[in-house]
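See the structures that follow.
Both complexes below contain subunit A, partnered by subunit B and then by subunit C.
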Partner chain A sequence: MTLASPDRRRPDAPSRRGTPLTWLRSGGLTRLAFALPMILVFAIFSWTPIVRSVVMSFQRTNLLTPAEWVGLDNFEAVLNDPLLGTAVVNTLYFAALALVMGFPIPILMAVLMSEVKRGKGIYSALAYLPVVVPPVVAVLLWKVFYDASPDGVFNTMLGWFGIGPQPWLQSPDMAMPSLVIEATWAAAGGSIIIYLAALLSVPPELYDAAEVDGASIWRKAWHVTLPQLRGVIFVMLILQILATAQIFLEPFLFTGGGPNNSTVTVLLLIYRYAFQNSLGGNYGMATALSVMLALFLAVLSFVYFRLTNRWSQS
Partner chain B sequence: MTADTVTPAAAPSAAAPEPAPASSRRPLRRRRTPALTDSERGIVSDFDRRQPRVRRTMRGVHVFLAVTLVAAGLGPLLWLAKAAVTPTQDTLREPFALWPNGIDWENLSTAWNDIHIDQYFFNTIVIAAGAWAFQLLVATTGAYTLSVLRPRYARVLNSLVLATLFIPSVVLLVPLYLTIVDPPLLGRDHSLLNNYLAVWLPMAANAFNILLVKRFFDNLPREVIEAAQTDGAGPFRLFWSIILPMSRPILGVVSVFAIIAAWKDFLWPLLVLPDPAVQPLSVRLPAVQSQTELDVFLAALAIATIIPIAMFLIFQRVFLRSAGLGGAVKG
Partner chain C sequence: MMSIGRRTTVAGVSLAAGAMLLTACSSGEGGETASSSDAGGSTIELRVATFPPGADAAAYEAFATQEAQFEEANPDIDVIGVEYEWTGPTFAVQLAGGSLPDVFTVPFTDSKTLLENGQLMDVTDEIEALGYTDSFNPVILDGVTGADGHVYGFPRQAYAMGLHYNRALFEDAGLDPDDPPATWDEVREAAKAITEATGKAGYAQMAINNTGGWQLTAQTVARGGRTQVDDGDGTYTSTINNAGTKATLQFLHDVTWVDDAFGYKVDLDWGTINQEFAAGNIGMYTSGSDVYTALVRDFGMDPDQYGLTVMPLEGEEPGTLGGGDIAVVSPTVDDATKAAAVKWIDWYYMQKLMNEDAAVADAQALAAADQAVGTPVLPVLSRELYEQSQEWIADYVNVPVDQMAPFTDRIWDQTPVGEPKGKTQEIYALLDPVVQAVLTDEDADIDALLTQADVDAQALLDQ
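Entry: the complex of A and B
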């Protein structure tokens, strides 16, 4: 094992245009040995598949016969699929409902939790518990809760308030909101902890200064706390949109896309193209739709960060 | 929403307007000094708190938080624990009654033995352990290369790794599956289907881990590293005896992420482990649902939840710190 002198490792050292022999002597092989696990797993399981995804979207592949270039056929087939429109609308609906129901709740809870003096630790732990439940278990358990009979768990609870039994997952109108409620429950804890961490870094002087100016509690919350959280809120918002655009587990396990296709999402459609096809996997169509979704999300996040950057500066 | 279950797809951290909260400035270890926590303050000042109206409101906030968090956080789990030892008919007829016809402990043993939860449980542990080992190996050696050894190609490598953070995981699904079915160099005859490597290795290609560990290594005191090198420590010695022991906090965080992610994973093991004998709980539970009686099924769900909950209760601090840290890095 050769020992390279420290100055050779600095990135700003003059580039060593040595022979392979000097590379070897300076410990090049050892450095490569440390880099190798990362290079190998990323090359095989990340970089190559990403490139292959784009290539495959222009091909017809079924693993048995050699791949065949088909130009834009896959994209055309996806765009002509009557289910695509439904899936896009459903996914947008899910994302919108999740924003309305799920986005403000963690912010509110975190602000309240940061204000109480005692019990912060136990409250954080309670809030985080649903995040620890394995998502599959959570969905299967909530499927029991959503039992549509009058003696179902949620219907019994509604009964306490004099509300009649609801069909939950069995009605096309209520299925999607039901999925969103479960997804919100499952994820809110993680967001609460992130907002709590962000609230800790609000400088106390700002509140002191606001009080000197005679600001009430509400005005402090509105003019100090929220603006200070703005950066985190912007990032959490786009992360939530990106996550909901790829929602899969809930529709897959709760409803399988039903009833009446009311919960078919884009990712469920990709899954069906590739793995639930009676004619064998249509990998071309699946990758074509994945690539389109990824491009859309890339453009969306680019525009989003451009806009939020401008807003933050003004 | 599911920010922590999905890889942070397209979140250019540099584009975040405000500097990342917590992680960069705050030391990783939690502060215990009471003096410091007392000096922290929020919206409501001590002066506000002395006013009767505010005091009443704060009491209301306490009650509200306690009720909502217990109902939403603990409620479903308590119900599951209760239903796991309740006969099916009681659960169906009176979901909130506490054992009107006695406790049925049999459910747990039936689930464990007859629907082979024991085996799937074991499979899940094997998957989580392997994923943990591979992720730690790749993350520490990779971060060590990028942060300390810094070969000439480090910069290119770093950007290539970070670039994968911006790719939504859905793009990988199909080509990654085909990579497993028909691995490069090995060929179709050596497909990795039903092999745990098919789960472990792709999970190790995790840029988020490398970013976390690299940031930590970057902040280690350079003097210690240089002193070790002057004393004649080679790269392996430096890595094993100096860097790793100093990095316990971040290794804990990565371990929590790794084990929880492996325990949660559903779609990927469903695709690459088609043989029920090797499938983890998350894949088997939905599959056995239709042929299992409700009470036994709920007992199975409860068993599947025990380990993550126990881990959370034991390592609560690491969990909550990881969750906050994850947000800080994404931010």
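Entry: the complex of A and C
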């Protein structure tokens, strides 16, 4: 293929973009035909529900009788709900616990596993196994493990070390940490695999050089591995923050938000608005809070990427 | 590089795929309508609620027998049984999405809200044509009558709250299962004895998914309190902060923290408490008098272990909270389907309450499939008709009647009290955390909890 000369290309370019005929001749219709099925699928299953829920946040409806416009009433009602504060604090608590417990563990495991010389595949498979278990099954299994009686699985194990039975999910203080432990177990496998893949891209010369300099395994991890993984870590961090802000499955299945509202999260509150006292449901309040959450997360992601962009590239 | 001709072909295929997808979506909707009714054809397909998911095969056998009997008498109606369980969360979306059966049942508590929301079909003319509007217990019929005076459903079954107990655990604890507790103090003593002897929960109570508020209300009524006053002008006043509710919470606190007899689970609802009780892990709990069927059919309880007595009553003007459900027609069906639905409701739910042949046929079909016949309920029609119907089916009764005698002998002496009408489920939901607080915090301030709940409930009622 030969390059067109600059003076021929410039005058043509605007007219190519502007005329429908040239667009048609250059295969625009074919491109559109290729994209159409995907556009339709997105429009029907993604964009329409998003637009509909934004509209619904300004309405009062029971999905049967005609919807009624109520302006910002739904937003006002959500902001005046005393449970919103509890839900936000609980969600932040979950996110903080998940960061403290759940974020370093996969990195640590991945670094340790990458150091293993033999049977790396077995360790990867074992680490990934919890991800294979369907989430609902995993939660219901853990619910059995968390049985608060002295015969419960975890309480029996604690008993071996002379520790008395714990109330786990039955106590407002312990319920949230119990949820985080299960969530960490369930999600760690996926993160480990991603970190392991990222570790493969670290040039081995860096380790060789560090070894020649007499660096220990921890110094290598700190000075070589972590800086090299920085980009992946930043992405994983924002993904985890977004996921924890939308935590629903664990509180819904483990505790239903109890005991005493200690595990009500923002998403569970949205669910409660829409469905718990349903019979016509407060879909307006549910979608209003959903819109607020989505906007908050969008702003958070934008700020986060602006802040971390320079660091991850440097 | 792909040639232009080939590119066009692939693009054509993509377009065709998109078109097929759209066709699939639209034909799905069409299919739904066709299955729900077929007014133009010779037979009408009628989708009716059967049992909650998890019911055993024998229940379906009994249903199949009844379905065949009905279709023989009504050859123009094709009955299609649909698994169904009333759940508030999914009701509105199922209704909007068209996946509800044409005939289903809803609890009394929700019927008022539903009919006010326009979510139930008006059946005034049909129920009058059948000629038994006047036979209903007026208090019960009031629950399905709208502000416009129209009737929106057929009350088909009612229950009173009772104290269910495990006879085997009573014996293990050295208690007499034929002489169950008659006061709340005796309940505490029995619970303590059971836990000490067996390590099982002597007493348990529902606390989540609105059932905590439901049972708190039931026990408040049993202690002479009321959680709400009907002002008679469409408004309600919350009276949650009353002596009965306080005494109930104090009782729960003492069973849990003083007697250590509550067990370990504070996160039980209607289904899970039945499951735990059927598995022999709970000595006593309160629930509707009709749960025997579910305990045995859905949770495999050994009938010999089951015992039922009335709620202990205390205080001034105590009563027993009642409830029940109504058979209703989906508001979205056409006239032909509605007529078929009313025929089915009359045949399947109502005739056995007032007609000897229907009562016997129903009991026969259930008994043949080893399903519970004779579970204690309250009459939706008159007491005389109910007692008469019990005589008709006496030969088929297969529940342990003697073990339910402490309930059936005394229930008529108790005053039935309806559930609070204003924002019933919302206020039950509000009371769940109050019950949970007492069960999980030894130092819970009951007065402060009740003061706050009362303010929150009134705010809901004033909306």
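In this text, the second predicted complex is superposed on the first by the 266 of 314 C-alpha atoms of A that agree within 3 Å, B and C clash if a C-alpha of one lies under 4 Å from a C-alpha of the other, contacts with A are read in each partner's own complex, and residues count from 1 in each chain.
Here is the rule we use: contacts are C-beta pairs under 8 Å (C-beta built on N, C-alpha and C of every residue); 3 or more make two chains touch, one makes a residue touch a chain.
Please read all numbers here as calculations on a predicted model, not as lab measurements.
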Subunit B versus subunit C as contact partner of A:Q166, first or second or both or neither: neither
Touching partner for A:T255 - first (subunit B), second (subunit C), both, neither: second
Which of subunit B and subunit C A:A148 touches, first, second, both or neither: second
Which of subunit B and subunit C A:L64 touches, first, second, both or neither: second
Residue contacts with subunit A in the superposition, subunit B compared against subunit C: B
Which superposed partner A:T30 touches (first subunit B, second subunit C, both, neither): both
Touching partner for A:F275 - first (subunit B), second (subunit C), both, neither: both
Partner chain(s) touched by A:I44 [first = subunit B, second = subunit C, both, neither]: both
On subunit A, positions contacted by subunit B and by subunit C: 27, 30, 34, 36-37, 41, 44, 63, 147, 149, 152, 275, 281
In the complex, subunit C residues that touch subunit A: 4, 7-8, 10-12, 14-15, 17-18, 21-22, 25, 88-93, 95-96, 110, 113-114, 117-119, 207-210, 263-267, 331, 425-426, 429, 432-433, 436-437, 439-441, 456
Contact set on subunit A toward subunit C in their complex: 27, 29-30, 33-34, 36-37, 40-41, 44, 62-65, 82, 147-149, 152, 167, 169-172, 255-256, 258-261, 272, 275-281
